[in-house]
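Two complexes come next, and they have one chain in common, chain A, joined by chain B in the first and chain C in the second.
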Partner chain A sequence: MSTAALAPEWLTAREIALCPCGCIGKRRKANFVEKTIIGAANVLKQAMFSADVASQPGLLQRIQPAVKVVTMLALLMATAVVRHLSILVALYAATLAIAVASGLPLWFFVKRVWLFIPIFTGVIVVPATLNLITPGRVVIPLGTWFGHSVGVTAQGLTSAGLIVARVATSISLVVLLTLTTPWNKLLAALRTMRVPKMFVLVLGMAYRYIFYLLETVTDMYTARKSRTANHRNNTSSGRAFVAATAGATFGKAHALSIEVHDAMVARGYTGNARSIDHFQIVKRDVVWVLACSVTIAATLGVNYALGS
Partner chain B sequence: MHIPDGYLSPATCGAFGVVMVPIWARAGRGVRKVVTSRYVPLVAIGAAYCFVVMMFNVPIPDGTTAHAVGGVLIAVLLGRWAAVIAVSVALLIQALFFGDGGVLAFGANAFNMAFVMPMVGYGVYQLLTRRVSLTSPRRAAAAGLGGYIGLNVAALVTAVEFGLQPTLFHTADGTPLYAPFHLGQTIPTMALAHLAVAGFVEAILTAGVIAYLQRANLPVLRINHSGVATTDEDLVAAPKLGWRWIAVGMGTMIALTPLGLVAPGSAFGEAAPKALNLRKYHLNAVPDGLRRYAGWWHHTIFNGYDFANDKHPAIGYLISAVFGILAIAIVIAIVLGSLGVYRRHQRPDRIPA
Partner chain C sequence: MPSAVDIAAFDASVCAREDQEIFRVEHATFSYLERFPALNDVSLTVRRGEKVALLGANGCGKSTLLKVLDGLLFADRGSFHAFGAEVTEANLEDEQFNEGFRTRVGFVFQNSDAQVFSPTVREEIAFGPLNLGLSIDATQQRVHDVMRMLEISDLAERAPYQLSGGQKKRVAIASVLAMNPEVLLFDEPTAALDPRTQSWLIDLILELNQSGKTIIIATHDLATLDVLADRCVVFSEDHQIVADGPPGTILRDTELLISVNLLHDHAHDHGSTSHTHPHDESHHDSHREH
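Showing the complex of A and B:
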């Protein structure tokens, strides 16, 4: 199955010299110009990839966006109150199953979720497993430190497992929602959920113009890169360039906001936002809501039964 | 500083969500009043700009790069209430579309980065730019300092949110349910990272953009600075803070100094190590160094703010206060004099280099 039906191949392919393992070409630290260009390209890539996946047939793609938003929020809250690792692992497994049913490439989905927040979380909670930070029953003694015995506690390990599993499950739920819902449908869903229209309008316009501004910034950075002969960094001139680029971008953004306002007024904008979205709940949405309700009820029930 | 879902308890997330609702409502009113119908595109593109600013890699020594948040920059450019909305929208887009920062934790993230940061940073900026012209270098420096302080206060608030989790939310056997580190660990860690690196990155970007706009695009700075004089020459002479008021303030403080007599004992046995409550600090004896160096310097004029063998302690305090203030004033006058501050004020016709 093609994962990128619409995104051009050159956009999703890695540049040869930038291979992170250093196996092709000479590896060197990317400087701020390259990092910003790559960062902007990644945002674009992610957005286009989401659009590609959202347009493919699959389980979640067929559910009404508003229904999806509400059920995902409910599942997120259920994940947040769970106090047992086993339940969190089960919930995480369920997100994997839904990802497969929605036609998401499994490895991609796992990578997207785990890189980089859950792994980062796992690293930073390592010290918290020691009895110095989380006191409790020591299961792995590690010797003494300034006369205090140091060791990994059962409480610390459980806590680390809980937070990593909870973070991974929560991110999976959000990624499932955003990958299977085109952004304009997501905004329309927010409108039907009685989020203030003005707020949704601002959100939609902001999302749209992020890509315009990113293009402007990428152009300026590419121009800089193509004029730079060597890779030695001059930090202070680099900072001056970043400040000037950010300042110039603000000038352009402001000019753009005036033009957009004029265009809106020319099309009859008087300060009220209107939408033409109409959602109809069908049978499969009801089934989805029921399935989610059962999952949440089971999660909370088992969580309660296992006690605190 | 983006908090992902899972670090904070649902109760904490809910509380911050509830706190943010009136703040957003107030921000909406505040912005609409200033820019009326142009409000939607201005705030929307402000939010898009904020998102883009968060992507700028700022080069720092050692060839590495770091990101800025830009909350204070947006506040200086568009006003603090517009910044609240713009940064919130940028954070929501990051959370919803790019999985950066939690969806349930959105309220807490918005409180830290979209409310605390622009409000504190902009407050500092305003405090330092009263009666400063639009093109003055002080304005860019003030924006930079605002960015530094705003980011650090936001980091402190974030550290407190994390640090309260293990105390408030744990199981019966002490297993932390959410972020496991205590206040004693979160605050120093966050403070170190933000005071040493991230704060400077924020300051450099904020000050740099303002300095650039002062040179290249002054009309854009006018959006949030209408009525500010363009150059130093256009400034209307400020009514000087009268000597009388300074004297009244100083006099009040001098008159209040005997209040110190009300406090019992001495802090950590500073005057008499024997009076130290050893058990309170888990000590067996007075520490060697403290015993040796206590009272090492005897050549004081008013030993222990004393006067006439402590017959009139209140008068001793008052006289000590007057002497102290005079001594400090003389030192400041000498320092300023040696820096040539007075001379510059006396010759306003001097052409700046």
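Showing the complex of A and C:
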């Protein structure tokens, strides 16, 4: 072929590639862009893992998604009103038992829940233990501050414990629901629960195309990385890349959304999404609902009996 | 494995009259955003059972014409009749007309990612039939049959993002076949597929055509032309139809192919060698891209 005649000279010349003495360049740490991309890849992996867990045979996997959504919501509300640490600890223990019965690796489940907790509660809980905020009997004196003695109070510890236990139990419930229900079944459940179709449809598409866009971003980054030889000025070029990628991705997302709409219209879509799944409640679901009702009643009863 | 013939049996109303005109486009002109021209005074008639290839370089307007034929875009000037009735935006707002038209015309998009939008493969294939008013039981039967026919039964519960490009294409085709359309529009169907999937797809298209489906394919791949089409409609780069004839004639008309940028001088120059290796996609691209 005669492309060589038109190609600029530099294109046909060879570059100095590796210096003969091997790897002497400075090692480079992953920058934030790279970490973000690795994060994107992890989201994909996580989703696959969740899909695997959700398709395993187990206690919760066998319950109808719609039933699961309702009972989990009820349990969440019960958890929110409990004012005694002991009850919360019992509820948390129950979530662990359900996790095991549903075939979730216990350690993975515990880790998943407790990873969230510092973010949600750390800011509130730590100052709340101090006598400056929760007055009471100081059990761990920390010194003085502007003439006041500062310390952790018993009352503060109790309320901190309450918050942490409540958050842990609530997150456990949510994680149980999401890990044992395939995303599409969850959407179908919402649909049967008379959540507006449009809302469910958009939710479903958002989920589906997040993966498409994540892939796009990963590809763009990989393409860029394979073209990057010099790592000076990493962060600012990284930032520029993120800005440019965001722009390009947005453009792609927009063009894609038009295509998707066309593809839907081409197959007869006129604004009503119909579903092929129809749900039936079986005995197992009834038993589960009863068990949850008893738990909720017991929780509220004991909570009331113990007083405030 | 059920064949395409079983699929045709879905719909008893398939009319067997030969030589019947199904699409008639007259003097259609279209520009995107009233600024970017895509079709320039295009007229075209398609008869039942034909295999028509829309041939032209990138950007000449093939996809746009397919979208006009599928009632997704509407010509700024000119008209489009399908099955004897005029197709306009207003007509398609009529539920019955819309349903009738959409059931009879299926469109396999170039970008499978746009076409495969449901959470699972099974729901994807069920989308069309359900929208067109089929019962859940009938839909399930069709989904089952089509998945068997396209050998994707084991993907039923998978999410589209877990599929390879070839698998996505199969799902996209299945989702269209489940509606059992009389006319199938394919936008560059073999692009970005591996050779094995490509030849599978070509066989499928031929089988569908033999079972009575009308096929319209947008392509710039000259290699598969004489198998895939019995009629070629050639677009020039100024969005006009410049030739219409059997593939043998069109492929021999080197001057025409060069003028519409489907063939480069080089391929002509060493004509003897260009016949010793296959006319694959990369070969043509390498000739175009400078």
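FYI, the second predicted complex is superposed on the first by the 266 of 308 C-alpha atoms of A that agree within 3 Å, B and C clash if a C-alpha of one lies under 4 Å from a C-alpha of the other, contacts with A are read in each partner's own complex, and residues count from 1 in each chain.
FYI, a residue touches a chain if its C-beta (ideal position, glycine included) is under 8 Å from a C-beta of that chain, and two chains touch if they have at least 3 such contacts.
If you're wondering where the values come from, they're calculated on a predicted model, not measured in any experiment.
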When chain B and chain C are modelled together on chain A, clash or fit: fit
Which superposed partner A:80 touches (first chain B, second chain C, both, neither): first
Touched partner set for A:264, first chain B, second chain C, both or neither: both
First, second, both or neither for A:117, with chain B first and chain C second: first
Partner, of chain C and chain B, that touches more residues belonging to chain A: B
Partner chain in contact with A:183 - chain B first, chain C second, else both or neither: both
Partner chain in contact with A:305 - chain B first, chain C second, else both or neither: neither
Which superposed partner A:171 touches (first chain B, second chain C, both, neither): first
First, second, both or neither for A:256, with chain B first and chain C second: both
Minimum Cα separation, chain C to chain B, after superposition on A (Å): 9
Where chain A meets both chain C and chain B, residue numbers: 183, 204-205, 207-209, 212, 256, 260, 264-265, 269-270
Residue ranges of chain A in contact with chain C within the complex: 1-3, 6, 44, 48, 51, 55, 183-184, 187, 204-205, 207-209, 211-212, 215, 256, 259-260, 262-270, 272, 274-278
Residues on chain C engaged by chain A in the complex (per definition of touch): 67, 70, 72, 95, 98-99, 102-103, 105-107, 109, 111, 113-115, 117-120, 122-123, 126-128, 130-132, 136, 139-140, 143, 157, 159-162, 175-176, 179, 266, 286, 290
Contacting residues of chain A [partner chain B, same complex]: 29, 31-32, 35-36, 39-40, 43, 46-47, 50, 73, 76-77, 79-81, 83, 112, 117, 121, 125, 128, 133-137, 154-156, 158-160, 162-163, 166-167, 169-171, 174-175, 178, 183, 186, 198, 201-210, 212-214, 217, 233, 235, 238-240, 242-251, 253-254, 256-258, 260-261, 264-265, 269-271, 273, 308
Complex contacts: residues of chain B adjacent to chain A: 4-7, 9-10, 13, 28, 37-38, 40-49, 51-53, 55-61, 63-65, 73, 77, 85, 89-90, 92-93, 95-99, 102-104, 166, 171-182, 185, 204-205, 207-213, 216-217, 220, 223
